[in-house]
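Two complexes come next, and they have one chain in common, chain A, joined by chain B in the first and chain C in the second.
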Partner chain A sequence: MEKFLLKYFTLIRVIIAIAIGIVISVFLIFLISREPGFSLRSFLLGPLLTRSRFAHVFETASPIIFCGLAIAVAFQAKQFNIGAEGSLYIGAAVATAFAVSTNMPAFIHIPLVLLVGGLTGAAWSFIPGILKAKWKASELVSSLMLNYVAYFLGLYLINFHFRDKEAGFLVSYQFPETAWLPRFIPDTRIHYGIILALVAAVLVYYFLYHTTTGYEIRSTGFNDRFARYGGINVFKVIILCQVILGFLAAVGGTTEIMGIHRRFVWQDSPGYGWSGIIVAIIGRNHPLLIIPASFFLSYMQVGGRVLNLMSDVPAEMITVIQSIIILLITAEAFLSQWKYRITLRQAEKGDAV
Partner chain B sequence: MDNILEAKNILKVYENGVIANRGVSVSVEENTIHAIVGENGAGKTTLMKIIFGIEQAQEGEIFFKGSRVSIRSPNDAIQLGIGMVHQHLMLAPDLTVAENMVLGNEPRRARIFLDTDRAGEITRQVSEEYGLQAPPDKKIKDLPIGVRQRVEILKALFRNAALLILDEPTSVLTPQETEVLFKTLRNLKNQGKTIIFISHKLNEVKQIADRVTIMRDARVIDTRGVEELTEHDIAHLMVGRDISFERIPASANLGAPLLSVRNLSYVDDEAILVLNKFSFDVRAGEILGLAGVVGNGQTELVRILAGLLQPSEGEITLRGETLIGLSPRKIREKGLCHIPEDRMEDGVAEETTLEENFILDRYYKQGFSKGIRLLWKDISRHSAELIAKFNILAPSGKTLVSSLSGGNIQKVVVARELSSDPDMIIAAQPTRGIDVGSEEMVHRLLREARDRGRAVFLVSADLDEILKLSTRVIVIYNGEIVAHFQDMSKVRAEDLGPYMLGVQREEAVSGKVPA
Partner chain C sequence: MNPLMKSILSVEFGFAVFRVMTPLLFAAIGVSISNLAGTINISMEGTMLVAAFVGVIVSAFTKSLVLALLAGIAAGVAMGAILSYFHLRLKADIILAAIALNIFASGITVFLLFIITGEKGQSSSLKSLLFPEVHIPLIKSIPVLGTIISGHNVMTYGTFLAIILFYIITFKTPLGLRIRAVGQNPNAAESVGINVNRTRMWALMLSGFFGAFGGLYLSMGYVSWFARDFVAGRGWIAIAAATLGGYMPLGTFLASLLFGAVNALAIYFASLQIPSELIALIPYLATVIALTIYSARALKKRTRKVGEAKQVGKIKESI
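Let's turn to the complex of A and B:
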């Protein structure tokens, strides 16, 4: 039993952190809501109660999975690029421009639009990569700043060149049907983006753990001096992992507009890039753990929206809960005493190490 | 005689499950020099950290001057009168000797400003009282390592330490500096101080200590008077088997020069000339030793040879082909391997497995990957072979490097670097801080490589190691070659010291290629 606890300590810690986060949120809801029973039900079970809400969980999860994978690739190389949001935004904007101005059969249009989005994001993310590799500019700062640049550039592109003046909202022209990502569950908006996200997770997992380039990325992350000493081209790794980040994030954003909105609708940055960082941290940068982490976060976000609509509790509650969970997961010392006592008992039995 | 310090039944388990002290009990008599010896990972440094309050024991008691004490921090230890001189000195390099002396305990003027005059006075007073010279106004970074160490000792004395702990104090010193330190220690003993001396150099223990405690495998094996034991006895107790101490005669089959370095100069970022027109050859079938006090350009030289640093000038060739401008991978592929001087910084990625550390230089080669796919099964088999062949104490290739002891981590590095049987081996401080058993193994491997006609360039701060292994020796001081010894049969450690310290140099050496 104790050996089991030691082996899965990290996972157990995550689960306990989530549980504590939920307990605190229940407490908070009781504190601020005039009808706490109903609010609680909306928050915890809300996403399960109607077909469309349940579908929402899947719809929201897919760009989050893409962004989580993107962040994980860079974080595994210890490149703290947080530019997933910017790459996603500019990628989706340029993909929109391409989609509404071209016409071709769907089987070629869909992959091309995705590719244009992905490559735009990759090119965007190349900037912090080369700045870091060549001049040691912190990718954290440059990618954060570039998020704003991407946002306003994208906004300019859509509002001044591809805006649908008939729509009555600030949105782009609608995509031609050949660039629609098909939905495959009736009466929902669940589209092939979720399938692509799951496939991407498996591919990224394989890439990181079973290919030579993945080994180079992880070795650089574990100890970049070690990697350089052993002959790995660290310069290349630093750029490559950030380019991959931009590509994945942008594909995630592009699937969302191709599958859900079918036109560019984001006057505000949608925030999937930030959710991606959260799920990468919860999933410890492991591509396969990012899947459940994304569904969890997506469920919480949908629950938060329901809470906001149905009850007197503000949606910001969900941010508080997220913060508590992240805090507990990232706090290395959380539960370390407990682990330590188990280690000690095991060691005394004489079968440790 | 009374015991100044008694530790009883100390148990210390680290968070990663490593047991560092298992029911350890030690008594230190007042006014003696007490040596603690043991292989790396035997638990001696941990025990000292517990006594000095850096680590906390799970079980056990500590008695100081007869009464039970609880030491929760170094501050508690200092209050009691325990001082410690660490292996890596804990001084602020940009402050003067006097400022370092009073750091944390400063005399003030108007309650705010540091009273520099008073600090200098204190330094002179303490210096005089114990007969230890240190220039109060010099900055630490401008002083040789031996003097820095003296400042640390003075600092502890200023805080009224009755018990001084020295953690491997001689590992960074030349023989001459070691002599001075020993004189100091004897003086301190005559003035009533007690000294705990941690070392793994047995001749030093015999020379300086009154009593010796031998640790092995987290336990105390024995505590005896030094005169009761020979060096061989101590080594036997430490390792649990016999160890050879003889110098190994060099093999005679010298080949052609394999690695040639000509007029190599390196100017660092701060425009300091670190290497000045360095020239030498390493021939197949020999071990060329590079002796010198740490920090005289060895680090940069080794990094340049491995392609990790670009020289400012000069030429390096391996079998006649230039290495200048090649990437570290290209250089490795030409048959040069490199045991780095800092195994934790360069040699391993400690938070990952042995397997991933073993394949660093070969993951892209045939047998380890196919196309872009890593062949994990083959990699695991390969790792298991290396673990067995190099006698690495680890449950499997999936073990994390960080859970191994220093000696075993070094074996991981050596296994990776030597298993490809390269022609040219650069070994920088290959046995620094590792136990006698592992050291013996590394030495054997280097000799075997030499006998197979490989060339070895051995850079070491440990003169015994240089003398024991080298076919020839060159001495580096301040980035230049200052001496070259061809015939090792007549050379003693004392002969190298003056060159290492820069007080003597062979006129003929500079500009000439020692070959």
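Let's turn to the complex of A and C:
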């Protein structure tokens, strides 16, 4: 038993952090809700109760997986680029502009729109990358500032040039059907974005752990001086991982637009870039672990929305719980005493670890 | 003269620069002081948000400016304390922990706002208080200068006290000496008996202390309400301002003044026929550009120094 604990200590720590988060949310619900039992049920089981809500979990998970992968690639190289949100937004906006102003058969249109979105995001994310690599300007600050720039630029592009004035809301023109990402489960909006996200996770895993460039990214993150002495082109790595970040995040946003809304609807930035940071931390920057982490987060967010609709507890409770969970996970020393004691006991027993 | 130039040269513009600079400067001082101790405080955005929220709520319910001020400061210091606890005691990566704290601040403020007022967007239903404006007797009547300098919110004048306080703490107190020592070389500092972690904890709490004023001014002076995420990146612009200012009192002041001028300029662009979206992005774009220019110059200086050092080394070798 104790050996098992030691072997999977990191994973167990993550699970305990999540459990603490859920306990706190239960506590909060009992504290503020007038019908705590009902609210609790809405939050914990809400996403399972109707077909459309359950489908929401999958729909929300796919952009989150993309953004989580995006952030993980950059974080693995210790590049704290938090610009996934901006890349996603500007990528989706430009992809919209392209989709509504072109006409071609679906089998070319769909990949082309995705590519336009992805490349826009990549180009956007190249900016903090080059500023960091060339002039050592903090990618943390510049990528966050560029999130705002991307948001206002995207908003300008849509509201001034591609706005559908007959729609009644501030939205773009509808995509031509050739640019719709098909949905594959009847009566839901689950679209091929989720399949693409899963494929992307496997590809990113292969890239990071089984290719030379992936190794270079991870070594740079581990110790960039050592990497440099080892002959790794750190300049290239810094730019490359941020370009990949922008590409993945933007493709994630574009699939959502193409599969669910079929027009640009985000007058507010959708926040998937921030969810991406959360799942990257929960999944410890491992591409395959990001998948369950994203489903977990998506489930919680859908639960939060149900809670918001059905009860007197606001959805922002989920934001608070998410932040507490990642705070506990990043705290390396959290539970380390416990691990220490187990290790000690194991050692005393004689079968040294 | 074209209308834009006219408005830039107007006295109202001068007034606006100080107004816009105020929250940035408080926050930039906070960022500077933590940076001097070698712990970067990325959670400034969240710190300001929490302090702004607490100020509005406490002033609405107690009708006391002093209590609102104290509560806001306490909230800011608490944010610094939480960050230092997670970073220094629980060994969390300071950047990730600070990102988590920013998300926390964004969520908890709206969550509590809803519980207290039933609203999610804004606190406009609450009758919260404002810090008073100060009209300085004699200076007020000087033609141009009077209009620019007098009549500001008391917090704007507070920035000058804050700069002086920052200077005194950093250069005239034992704590300031320890903060700088720890920031320059933690191992050396530890070897002479300085408690590195405790010093950094103080620095982060001071950082929260100064940041709190920036947040309080935003919700109780700059505007008279709290709204979801309304700090709008100022905590991050402050990080850029602190970097530009070299984390030193005068530099931080000048850099904040520069960003204040850029932001005020954006307000004046509104008089031209440019879409508001494109005006709104100016401060953020300007921050990226300023940060890049500064970093490029700093890098150049460093490489030149390294180059000189190598030259000296070669000369020594040849001797």
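Going forward, the second predicted complex is superposed on the first by the 348 of 353 C-alpha atoms of A that agree within 3 Å, B and C clash if a C-alpha of one lies under 4 Å from a C-alpha of the other, contacts with A are read in each partner's own complex, and residues count from 1 in each chain.
The working rule: a contact is a pair of C-beta atoms (placed from the backbone, for glycine too) under 8 Å apart; a residue touches a chain by one contact, two chains touch by 3 or more.
On a predicted model such as this, the values are computed, not experimentally measured, just so you know.
A.B. asks: Put chain B and chain C onto chain A via the superposition and say whether they clash or fit.
C.D. replies: Clash: chain B and chain C overlap once superposed on chain A.
A.B. asks: Check whether chain B or chain C contacts more residues of chain A in the superposed model.
C.D. replies: The larger set of chain A residues in touch belongs to C.
A.B. asks: Per the contact definition in the header, classify A:T343: touching chain B only (first), chain C only (second), both, or neither.
C.D. replies: After superposing on A, A:T343 lies in contact with chain B but is clear of chain C.
A.B. asks: Applying the touch criterion given at the start, work out whether A:K136 contacts chain B, chain C, both or neither, answering first, second, both or neither.
C.D. replies: Touch partner of A:K136: chain C, not chain B.
A.B. asks: Taking the superposition on A as described, I'd like to know which of chain B and chain C A:N233 touches: first, second, both or neither.
C.D. replies: It touches chain B, and chain C stays clear.
A.B. asks: Which of the two partners, first being chain B and second being chain C, lies in contact with A:Y148: first, second, both, or neither?
C.D. replies: A:Y148 sits against chain C, while chain B stays out of touch.
A.B. asks: Scan A:Q322 for contacts with chain B and chain C and give back first, second, both or neither.
C.D. replies: In the superposed model, A:Q322 contacts chain C only, not chain B.
A.B. asks: For A:H210, select first, second, both or neither according to whether it touches chain B, chain C, the two together, or no partner.
C.D. replies: first
A.B. asks: Do any residues of chain A touch both chain B and chain C, and if so, which are they?
C.D. replies: 336
A.B. asks: Mind listing the chain C positions that touch chain A in their complex?
C.D. replies: Per the stated touch rule, the residues are 42, 86, 89-93, 95-97, 99-101, 103-104, 106-108, 110-111, 114-115, 120, 232-233, 236-237, 239-240, 243, 275, 277-278, 280-281, 284-285, 287-288, 291-292, 294-296, 298-299.
A.B. asks: Report the residues of chain A in contact with chain B in the complex, numbered from low to high.
C.D. replies: 210-215, 218-219, 222-223, 225-233, 336, 339-340, 343-344, 346-348, 352-353
A.B. asks: Could you pull out which chain A residues touch chain C in their complex?
C.D. replies: Going by the criterion above, the answer is residues 32, 80, 82, 127, 131, 134-138, 140-142, 144-146, 148-149, 151-153, 155-156, 159-160, 274, 277-278, 281, 314, 316-320, 322-324, 326-327, 330-334, 336.
A.B. asks: Report the residues of chain B in contact with chain A in the complex, numbered from low to high.
C.D. replies: 13, 15-19, 58, 306, 308, 327-329, 332, 338, 340, 345-352, 356, 359-361, 363-364, 369, 372-374, 376, 395, 403
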